[in-house]
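Two complexes come next, and they have one chain in common, chain A, joined by chain B in the first and chain C in the second.
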Partner chain A sequence: MKRLTPYLLVLPGGLWLAIFMVVPMVFMASVSTQEGDVVNGFAQTFNVGVYGEVLGQYGTQFLRSASYGLAATAVSLLLAYPVAYWIAFRGGARKSTYLLLVLLPFFVSFVLRTVSWKFLLADDGLLLAPLKSAGLLPGDFHVLQTTAAVIGGLVYNYLPFMILPIYVALERVDPRTVEAARDLYASRRGAFTRIVLPLSLPGVFAGVLMTFVPMTADYVNAAILGGPENTMIGNIIQTEYLVNNDYPTAAALSFTLMAAMLVGIFAYARALGTENVLEAAAR
Partner chain B sequence: MSASGPRSAGRTRPRGRWTDRLLRIYVWLVLAWLFLPIAVMIVFGFNDTQSKSNVSWQGFTLKWWGRLDEYPDLVVAVRNSLLIALVSVAVTTVLGTLMGLALGRHRFRGQGATNLAMFAAISSPELVMGASLLSLFISAGVETGFATVVIAHVLFSLSFVAITVRARVVGMDASIEEAARDLGATPWTTFWRVTFPMILPGVVAGALLAFALSIDDFVITQFTSGATQTFPLWIWGATRIGMPPQVNIIGTLIFAVGVAVAVLNAVTARRRGT
Partner chain C sequence: MDPRTTPAFLRGMTQSRSVTRRDAFRLAGLSAAGLALSACGVQGRKAAPPKKDAVADYWASKQKNGTLRFANWPLYIDKDGKKYPSLELFTADTGIKVTYAEAIQEMPVFFGKIQPQLAAGNDIGHDLMVMTNSIQLNRAIQLGYLVPLDHSRLPNFAANAGARFKNPVWDPGNAYTVPWAGGITGIAYNPEYVDEVTSIEDLWNPKYKGKVGMMSDTQEVANFGMFALGVDPDTSTEADWRRAGDRLRRQRDAGLVRKYYENDYIEALVRGDVWITMAWSGDVFQQVAEGKDLRFVVPAEGGTIWTDNLCIPKTAQNPVDALTLMDYVYQPKIAAMLVEYINYIAPVPATKDILAAKAAGEKGEDKEFLEQVATSPMIYPSDADMAKLRSYTVLSTAQEKVFEGIFQPITQG
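On to the complex of A and B.
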């Protein structure tokens, strides 16, 4: 009985994960090679050709998603690092208060935050209208429906996922190592680039992973803040599944997206050393 | 987290001061940027607008607070969100606590696979999880609705509860449980009188996190909800036709409760010294 205990404890949750995460992947693969339509039903025809078709048809959106994801990740990293650094090294006794402030947006629904930005950035909205009437911006200036708006929205919505892991890594850096470096005549810059930065890299790696994946698969920001020229692969998948009910196309697209991401994650882990990424991910 | 130490690192060198000041201003600018759309959301819940669109400031009013039930489908959506959160949190808390206990206290075969599955559930994009769940439900002929949303919400919050409880179990002194057993307590009594009270803060933290994740979720919910509306789904549907101030107020209330719980949690944690 005693030896069975851990299995009995893990079983319900483990089964839930297996049945609703692993099994659905198999069904998604199966749906992707079916043919038919929602009225007459779908039949399994092992139509592997669908993968070539969707890649040909939506290659642009795949590439656009990847480049938006990369750009937004890079901007997030640049924005987040100084914030995480300041909270970890200068936050003092109020570190947890600052962290709570960073997490504030998460207490408002994701869609509502994004809609709020749409409202703020509207052509005659709170931010642009005053600047336009003051003559600081041309009358036809607009932010919505541009690439910048979508990337800005992505950065806004996922920034805490970048700040937190970097903060956790920086918080672990013993300030005495920095003091030792300074005592040994390292410059401030030298102490940072040779001591603090290398020690914080696991946090950076984790942050990049935790922001790039959801940003690339996002469709809410492109749908609310972007225009027809900003369609990401997530928008296509969402439309094919929920509006057009073209399940095989949608499933093939999601499967391709997932495979591309897995390959990307493994390449990333290999390039950085698996231990670094796994250690960071395990936290 | 410790509040000691790192503060002194840059204080001794006067040369660093202006960069510190600059960095401080920068951090507050980022925080202001993070808070800006939330402030707008809160303020426009008090806007005396005439139309449904609520885009320009017309003066202060409290009238929308009395008309929260003006849109019956919005009321239904909010009620669904709360019910889904309550049911999925109940299931998640039980399953996640058991997993956390097993992972924190025992060594067993399949532990690596369990960890991997939990990591996958946390790191897979919601879009892929939602799409694959929908594929399963379509193939199995299950009609999507309230139950399928609950299934999905348990799926994505389970790992978070398990990890929170595991952290608590690992940090707990096992000799106290041994002492209880040595004094003749049955395993059942030991669990409820010793183990459970000690891991309770972890269980509560995990449950709160699961509640927050559930009530805010959009992507997986959209894929698994069928005709069932939730608060975020209702907002999505309303973006094209304009957002009534009631949405701002409900958003503000959820925000206020979330912040209050987080602050309370931080304060009690500090008092307990954990």
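On to the complex of A and C.
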């Protein structure tokens, strides 16, 4: 029995993964190489050419998604690190209150939050109308349906996923190590770059992972805040699947996206010098 | 040759084959995956053409059950607080209790949800649903997902439905559907910023750069591209689609189009994000009735007419009750209750006089509103407008692929 315990412990999670992850993946892989249409049915023809086709047809959107994901991750990181730092080292007794404030927007539905931006940022809306009438902005200036709006929406929606892991990592930094560094004549800056920053890197790594992946695959922000030039790959997959019922193309797009992101993440892990991606993410 | 003396056989039996355990597992995994891959092909599902007596066959054994599950779009039935007066009347008159669900937000998404269940022959939880004449409705008909209607039990439809709502191209003889309400896709604009619009060309007017709204639905946008070229979508060819695509592409590349909208174009128009946009008649009517200064026109080159249609899924549990409601709403009295709330085109022309008569008996705001409904060209389009209106093209699945391939890259760049 003792020998079996670890297997029994892993069984529920393992089954969950097998049923809800592996089975759909195998199914999707199968669908991606089928040919046909929804009315006459799809038949398996092992048509691998579809991968080349979707890359050719939607290469722009893939690149755009990646660049939006990267840009939004970078902005999130720049915003999140100081916030996490401040809460961890200066939050004092109110730390949990500040954390709650960070999470508070999550108590409102994701779509609702994004839609409310449309009202705030409308051309003649609360924010722009006064600035325009004061002559601070040209009359045809607009925020909605621009790249900035989409990236802003992404950052806004995923920021807490960046703040929390960085906070957890910083929170675990023993203040005595910083004191020791100062005692050894390190400048404030030196203590930060040589002690605090390296110790917080696993948090940064996890934060980047938890924001970059969903941001790149996101389609709600592009659909609500974007314009014709802001379509992301998620929008294409949604259209192919739900509007065209072209399941093979949608499946091939999803797999390509997944593969590209996996490669990207492992390259990133290597560049950051983390030996084991999963371990770092779990920390 | 005796296998025992064959050198290759001996070697194979006595030496390591340099296939490690891991390799064996990998091979086994691959072939299992290969098997799985070929096993989950999606079977062809196209329905056989309906038999002549399909209607009689289907309805012969069906009984009235006294309950009905009705799926509709949001804000698409008369409502008084939490009650639906027309459905309450229906229950009082027929003894059929109705569970009403606002389950449909968008045709592709709804169809995506019900399609696997219908394909498997499972109950979708609705006995009656409202589907727009669209690629999805065509698919549902082609795939045999809809119940053929027994017109001998639809006397009110026969007597009261307007001629233009009978026998549509996408469903000859109303074999599977009857209209719930219809609408026009035309142009809406804000007269504060935009001069009077009569032509579709104004959607290409550089004066409104970045303030033009177009629809993301490919059929809607394609129709407008074709109208701009003077092509009737009904008789259009692939070459016409490509020319229309070029025309729309130029509009987009010139930066004229702010966004390809779904049903959120109306908020964008009200908020001032766009000044001129493709629009659905009922949405604009409701905004105008609320006091917004907006105009709606059917452009001289043409506009699109569409209908949302009642239909019964093949897995309905209470088809007789569904058919009863289909006929019930074609009584002018009930149809008038509906149009007064819905503000889209009523398939029963007699409602116009009923509403006008009702307006005469009311006072103040109610009177004004009812008169507005009864006289609005958005709800009772003039013959001149009707003459300009065209339907969506009915596409075969092969055509659809070409069609989507031309127009989707424009709205989904």
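Worth a mention:
By definition in this document, the second predicted complex is superposed on the first by the 263 of 283 C-alpha atoms of A that agree within 3 Å, B and C clash if a C-alpha of one lies under 4 Å from a C-alpha of the other, contacts with A are read in each partner's own complex, and residues count from 1 in each chain.
We take it that a residue touches a chain if its C-beta (ideal position, glycine included) is under 8 Å from a C-beta of that chain, and two chains touch if they have at least 3 such contacts.
All values reported here derive from a predicted model rather than from experimental measurement.
Of the two partner chains, chain C is the only one that A:Asn244 touches; chain B does not reach it. Of the two partner chains placed around the shared chain by superposition, chain B and chain C are both touched by A:Val31. Looking at the shared chain after the overlay, A:Ser65 reaches neither chain B nor chain C.
Measured by the number of chain A residues touched, the leading partner among chain B and chain C is B.
Applying the stated contact rule after C-alpha superposition, one finds that A:Ser200 touches neither chain B nor chain C.
Applying the stated contact rule after C-alpha superposition, one finds that A:Gly125 touches each of chain B and chain C.
Chain A residues 27, 30-31, 118-119, 122, 125, 224, 241-242, 247 lie at the interface with chain B in one structure and with chain C in the other. Per the touch definition, chain B reaches chain A in the complex via residues 1, 3, 5-10, 13, 15-16, 20, 23-24, 26-27, 30-31, 33-38, 40-41, 44, 55, 94-96, 98-99, 101-103, 105-108, 110, 114-115, 117-121, 123-129, 131-136, 138-140, 151-152, 154-155, 158-159, 162, 212, 215-216, 218-219, 222-223, 231-232, 235-236, 239, 243, 247, 251, 254-255, 258-259, 262-263, 266. Remark: chain A residues 26-27, 29-31, 33-34, 36-44, 46, 60, 118-119, 122-125, 140, 142, 144-145, 224, 226-229, 231, 235-236, 239, 241-247 touch chain C in the complex.
If you check the complex, the residues on chain C that touch chain A are 33, 36-46, 108-109, 111-112, 115, 139, 142-143, 210, 252, 257-260, 264, 267-268, 271-273, 397-398, 400-401, 404, 408, 411-413.
On the side of chain A, the complex with chain B involves touching residues 5-7, 9-10, 12-14, 16-18, 20-25, 27-28, 30-31, 79, 82-83, 85-90, 92-93, 95-96, 98, 100-113, 115-120, 122, 125-126, 156, 159, 171, 173-176, 178-179, 182, 188, 209-210, 213-214, 216-220, 224, 234, 237-238, 241-242, 247, 250-251, 254, 257-258, 261, 281-282.
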